[in-house]
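Both of the next two complexes hold chain A, though its partner changes from chain B to chain C.
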Partner chain A sequence: MASSTRDGVETVASKVVGQSRRESLEEFLSDRKIMAFITVVPATLMFALIVAAPIVWSVVASLHSINALSPAWEFVGLGNYVELIGETRFWESFGYNLVWAFSTSVLNTVLGTAVALLLNQNFRFKRILTPVMLFPYLVPSAFFGYIVMWITTQQWGLLNQLLIASGLITSENVVAWFTGDPWTAMATLVGVHNWKFSIFVAILVYAKLQGIPDDLYEAAIMSGATKYQQFRDITLPYIKNVLFITVLLRGLWNFNMFDLIWVATNGNPIDSLITLPVYAYKIGFQFQELGKSNAVATTLFVVLSVVGIIYFKTAKPSQEVRVE
Partner chain B sequence: MAHLEIDNLEKVFDTPDGEEVAVDGVSFEAEDGEFVTLVGPSGCGKTTTLRCIAGLETPTSGHILLGGREVTELPPNKRDISLMFQSIALYPHMTVRENIAYPLKVDGVSKADRTEPAAEAARTMQIEEMLDKMPGDLSGGQQQRAALARTVVQDPGVFLMDEPLSDLDAKLKAETRKEIQRIHEELGTPVVYVTHDQEEAMTMSDSIAVMNDGQIEQFGSPNEIFYRPNNLFVGQFIGQHGMNVVDAEVVDAGQGVSVAVDDYRPELRIEEKPRRLSTGPVKLGFRPENTVLETGDEHGAGIPGTVRLIETFGEEAVVTVDVGRPESLLAVIDSNRPLSKGAKVQVRIDRNAHIFDSETGDVLAHAEQSQKQPA
Partner chain C sequence: MSTERSGPLGLSETQFYKLKDRIIWAFISLATAVAVVAIVTPPYWMLNSSLSPFSLLRNIPAQWFPVQYTFEHYASVLFSSQYPRFYINSIILSLGVLIVVTTLSTLAGYGLTRFDFRQKRNFARMILFGYMFPPILLSIPMFVIWKDIGIHNTYIGAILAISATRLPLCIWIMWQFFQTVPYSLEESAQMAGASRFRAFYEIALPVSKPGVIAVATLAVQGGWNAFTIPKIILIDQKLWPITLGLQSFIKSSTILWPQIMAAVTMGMVPVLLFLYLLHGNWETISV
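Up next is the complex of A and B:
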């Protein structure tokens, strides 16, 4: 009897201990600072490893002279940058890069919005046309670039064959899409880029368009608003912020774009059209000057950071349309 | 201000499952200054009718005349009408002022010239202080007023309103209802109002069109609709508690019409001698407000039944009585009356009743119970 009572007391006591332990653990966890620490640290570590470390590594590397074939890093300070600033090719590439990034981003946004507006209408064959339009975006860039390369090949590419068949050009003077004049190459590349990446904008804008109540348009129609006035006064205010975001995202991504350009132009056979990422690649992997290559990459990073900050300060894309 | 005439309006929608007739030969007129309500259950075609009048839908056939002018094919803004939406439909990114002035803006009125009418409309709706706020900052009732101001500013020939009160709570509903009536009286513009709420229809309208299945079942004043329903549907749809309907039999269609519900024979006094009435089965309809419950068990004094449910609303209580038929009967009684669940009662008709054709549901006779009460 007595022992069992003692056992009972002990069980109760150990339960109490267990309880207080759990309580103190809960108390420990419910401390704001500790909870914040526990939840933020994993993400911060991932960010540091995947994003911050390579940036730091790249910036440090840009201050050294590194030969790809030898492990030695020779500190040269801003030497690589001074060298770059003195190169005509660097400034040319920079110029092409700006034209490229600006024209693709603006056209992506305009064309993407147009596609979204089209998809938002009801028309016949919509169910067939929609996947056809979305398809290029679903294909990986490198694969897409490969298709483009075949289509644009000068002698037997699909594009030139179509133009010959429709009588617009003769087989004697086929268009050198990527191998002739740099601005032709640029225009072709911009066109190809829009074929694929306008769809990105279209998807985001289309999603937003779906959220605009029909009643607003009907109210406007009752007031006698034309299609253009409906777009200007209802659609545009609703999608404005999406457009700000897409311009920013496409701007950043297009500025840094390498894969599509590299593959579509078959490793950039003409030297006249070079964008900065391609230039960085060439310096690094063809001329084996890794330090200088990193200086180009760091320049890209700095330029984009500055543009991004200015953009966020002026456009304020976080201000949403208020919908009650 | 204008006279609105709807003539044999028909609207057929093409759906994947075939054609769907939404509006099936609707005709009615709204006199100058009249408040006409289209009321009916959802899917009865009332909103489609309104959208055809607004010009947001093109009717399959039929005509819409406004002030004698054919407007059936005209775009909405050429019709001299304005529409208030169920969802209010204020532009969330514009201030209240811009919202109200928007119809003027698209009309090409200069910014300076549209300030005054917009402020005037806001003053009429008593939301002047709200002009520079965004719709999201307004309360539900203020949003409703702003939406109303936007229709007022257009100075239309006809106001169309598509269930503008259905999203409001009961108190706000009653307030806004008064507001709409005030505006209607002040401006004298005819209103075509759509609702599924028979109470709204009864309290606001000069005329009511009760719709069902794309057709108007009855068009008339609230009194006519309530006291002289054309058919079973109107009888049951209108009225706070609907209408009790029981199977009955006309045993004498001669001079003194006599109707029997089993052994209960209410003595009914028929004002006009109906031509179509003959002996045989009919449906007898009477309102819960005109229904009396007696506690005696005298044979034939009423329809015998058992109290199943008592719902009390302040002074009144609605009693549901099982009478051994598929449909139970309702009676409105004084809530102070001591009556409990399970009590045996006799359901008697007090005052008005209506005799309907048992197959078509069309009314055969409106009857009053004779003053002579059974002992």
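Up next is the complex of A and C:
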């Protein structure tokens, strides 16, 4: 790396000597202020357009009654919110959503940490197994959703077939994973969710584990610490922060999950899986009430902000950048 | 010290620790095996279902291992469905996101590292806050805005919207990355007479190649994965990416399972490429 860079410096130098007056444009671009401007402003503007504007719009739109099919906006003030608060469906969704977010994020973190700890061991075939074990993170949720849908098919699905083969159920009373009992449906999706999303946690924790200096463990072994003591006194303190962050981030994203729920249930989730994002989609794009849908989105944003504040107050992630 | 001390279970201490090591080793191997089986089973089943003749899929008990292969489902997906169109759409969206996100995040990452601004810390907070935004939250109001300015149901609209879900993460990664690139390299180029801009794209940029590759991969992967945003923004079936297009294999009377599995399998090919590009630097992407 170093030598190639030095070559680079020399090439640049030689080129510049030859063509010192070549581009006045380049000179212009190199002005400190201009360069600061052209590097940072485009991203900031884009950020404002595609991240900040939708939030403002969401709040504004939530105060109107908007039919998706006609352009007219009718101001209704807090009407949409009043309507939502009066709906049992809304509160049910909220409740189910909390159960879903909590159980998935805790399970994701536990299983993900386990996978990370395994990856951190020195075993044979590690070079092959590491990419295999990290692969699910990159699989599109929608693809995974279709696989889940196929595996949970009542008659020929892999899950029921495995249960039949192991003698736990008979082929007459197969389990209706997503169409029967609401809590079965929830538990099924919470379970399969881990296939992809535990790996997210595993990647973060694994990266952190690799940063723990080996001599800490060596010193611990020298002084006779057991594996458990090593884990408790070295590993855990090192990964404590990242565990907290993953619970928080996964909790938030799982709370707002739409794609996997929608696809795995074939766009027809039973009550326990109609979480707030699914509810917002249904209101907005099946019942064409965009104003009310935006009111749900704004509610989600409030939840997001609360989690965000906790995140910034406790984890202080912005300290990671140098500010001179 | 010639006699060995005795440990528990009537074994000598050395034997005891050897046994303990073996047990721990066995436990780790077992756990690893369980994890690998759990991870490999769904993709295996996908592949198996896509290659088995339809009649075998309905066997009870299931055909765990393929006894008979057929490529008819792949042929029917490729030659008598809209799948190729969806595939091209996915590629267009991914490349669009690649261009938008990689360019903006690389420039921003450089600028944020090298130049002083007021409110830099708050800017960092804003980016991380943006990183937390889930697609569903952005796409509902986006649909309203995009409709007003006339870019809903277009590639551009979808590309911009999907970029929103990746841009904050990628700016953050590049910002972190450029902090590891010493400014002295650029300074020496400038001493040799290079302009600051030249020093950026001929020195800083090549050195930060691993970061750029990670960011580019994440951008493409974001485009390839997108479901919620295109679902809301793209109404016209001709514009759908694969993730949405798979729905066209669900007919009112029947679900074409082997075709769906063949389509998903082909959609996984780029995912393997992402895995290859990212597997060396998981640290980079774990923000």
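Please note the rule applied: the second predicted complex is superposed on the first by the 259 of 324 C-alpha atoms of A that agree within 3 Å, B and C clash if a C-alpha of one lies under 4 Å from a C-alpha of the other, contacts with A are read in each partner's own complex, and residues count from 1 in each chain.
Everything that follows uses one rule, which is that a contact is a pair of C-beta atoms (placed from the backbone, for glycine too) under 8 Å apart; a residue touches a chain by one contact, two chains touch by 3 or more.
It should be emphasised that the depicted structure is a prediction, and the values quoted were computed from it without experimental measurement.
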item: Which of chain B and chain C A:S171 touches, first, second, both or neither; value: second
item: Chain B versus chain C as contact partner of A:A187, first or second or both or neither; value: neither
item: Contacts of A:V306 with chain B and chain C, given as first, second, both or neither; value: neither
item: First, second, both or neither for A:E218, with chain B first and chain C second; value: first
item: Partner chain in contact with A:A114 - chain B first, chain C second, else both or neither; value: second
item: Partner chain in contact with A:A297 - chain B first, chain C second, else both or neither; value: second
item: Partner chain(s) touched by A:L78 [first = chain B, second = chain C, both, neither]; value: neither
item: Dominant contact partner of chain A by residue count, chain C or chain B; value: C
item: Residues on chain A lying within both footprints (that of chain B and that of chain C); value: 321-324
item: Partner chain A, residues of chain C touching it in the complex; value: 24, 28-29, 31-32, 35-36, 38-43, 45-46, 49, 57-62, 100, 103-105, 107-108, 110-117, 120-121, 124-130, 132-138, 140-145, 160-161, 163-164, 167-168, 171, 175-176, 179, 185, 188-189, 192-200, 202-203, 206-207, 221, 224-225, 227-228, 231-232, 243-244, 246-247, 250, 257, 260-261, 264, 267-268, 271, 274-276, 278-279, 282-283, 285-286
item: Footprint of chain B on chain A - complex, ascending; value: 213, 215-216, 218-226, 229, 233-234, 237-238, 321-324
item: Interfacial residue positions of chain B with respect to chain A in the complex; value: 54-56, 75-78, 81-83, 85-87, 89, 91-94, 102-103, 106-107, 134-136, 138, 143, 150, 154
item: Chain A - residues contacting chain C, complex; value: 1, 4-5, 8-13, 16-17, 20, 26-27, 29-30, 32, 35-36, 38-40, 42-44, 46-47, 49-55, 57-58, 61, 66, 114-115, 118, 121, 123, 129-136, 138-144, 146-148, 150-151, 153, 155-156, 158, 161, 164-165, 171, 195, 199, 203-204, 206-208, 210-211, 227, 249, 252-253, 256-259, 262-263, 266-267, 277, 280-281, 284-285, 290, 293-294, 296-297, 300-301, 304, 307-308, 311-312, 317-318, 320-324
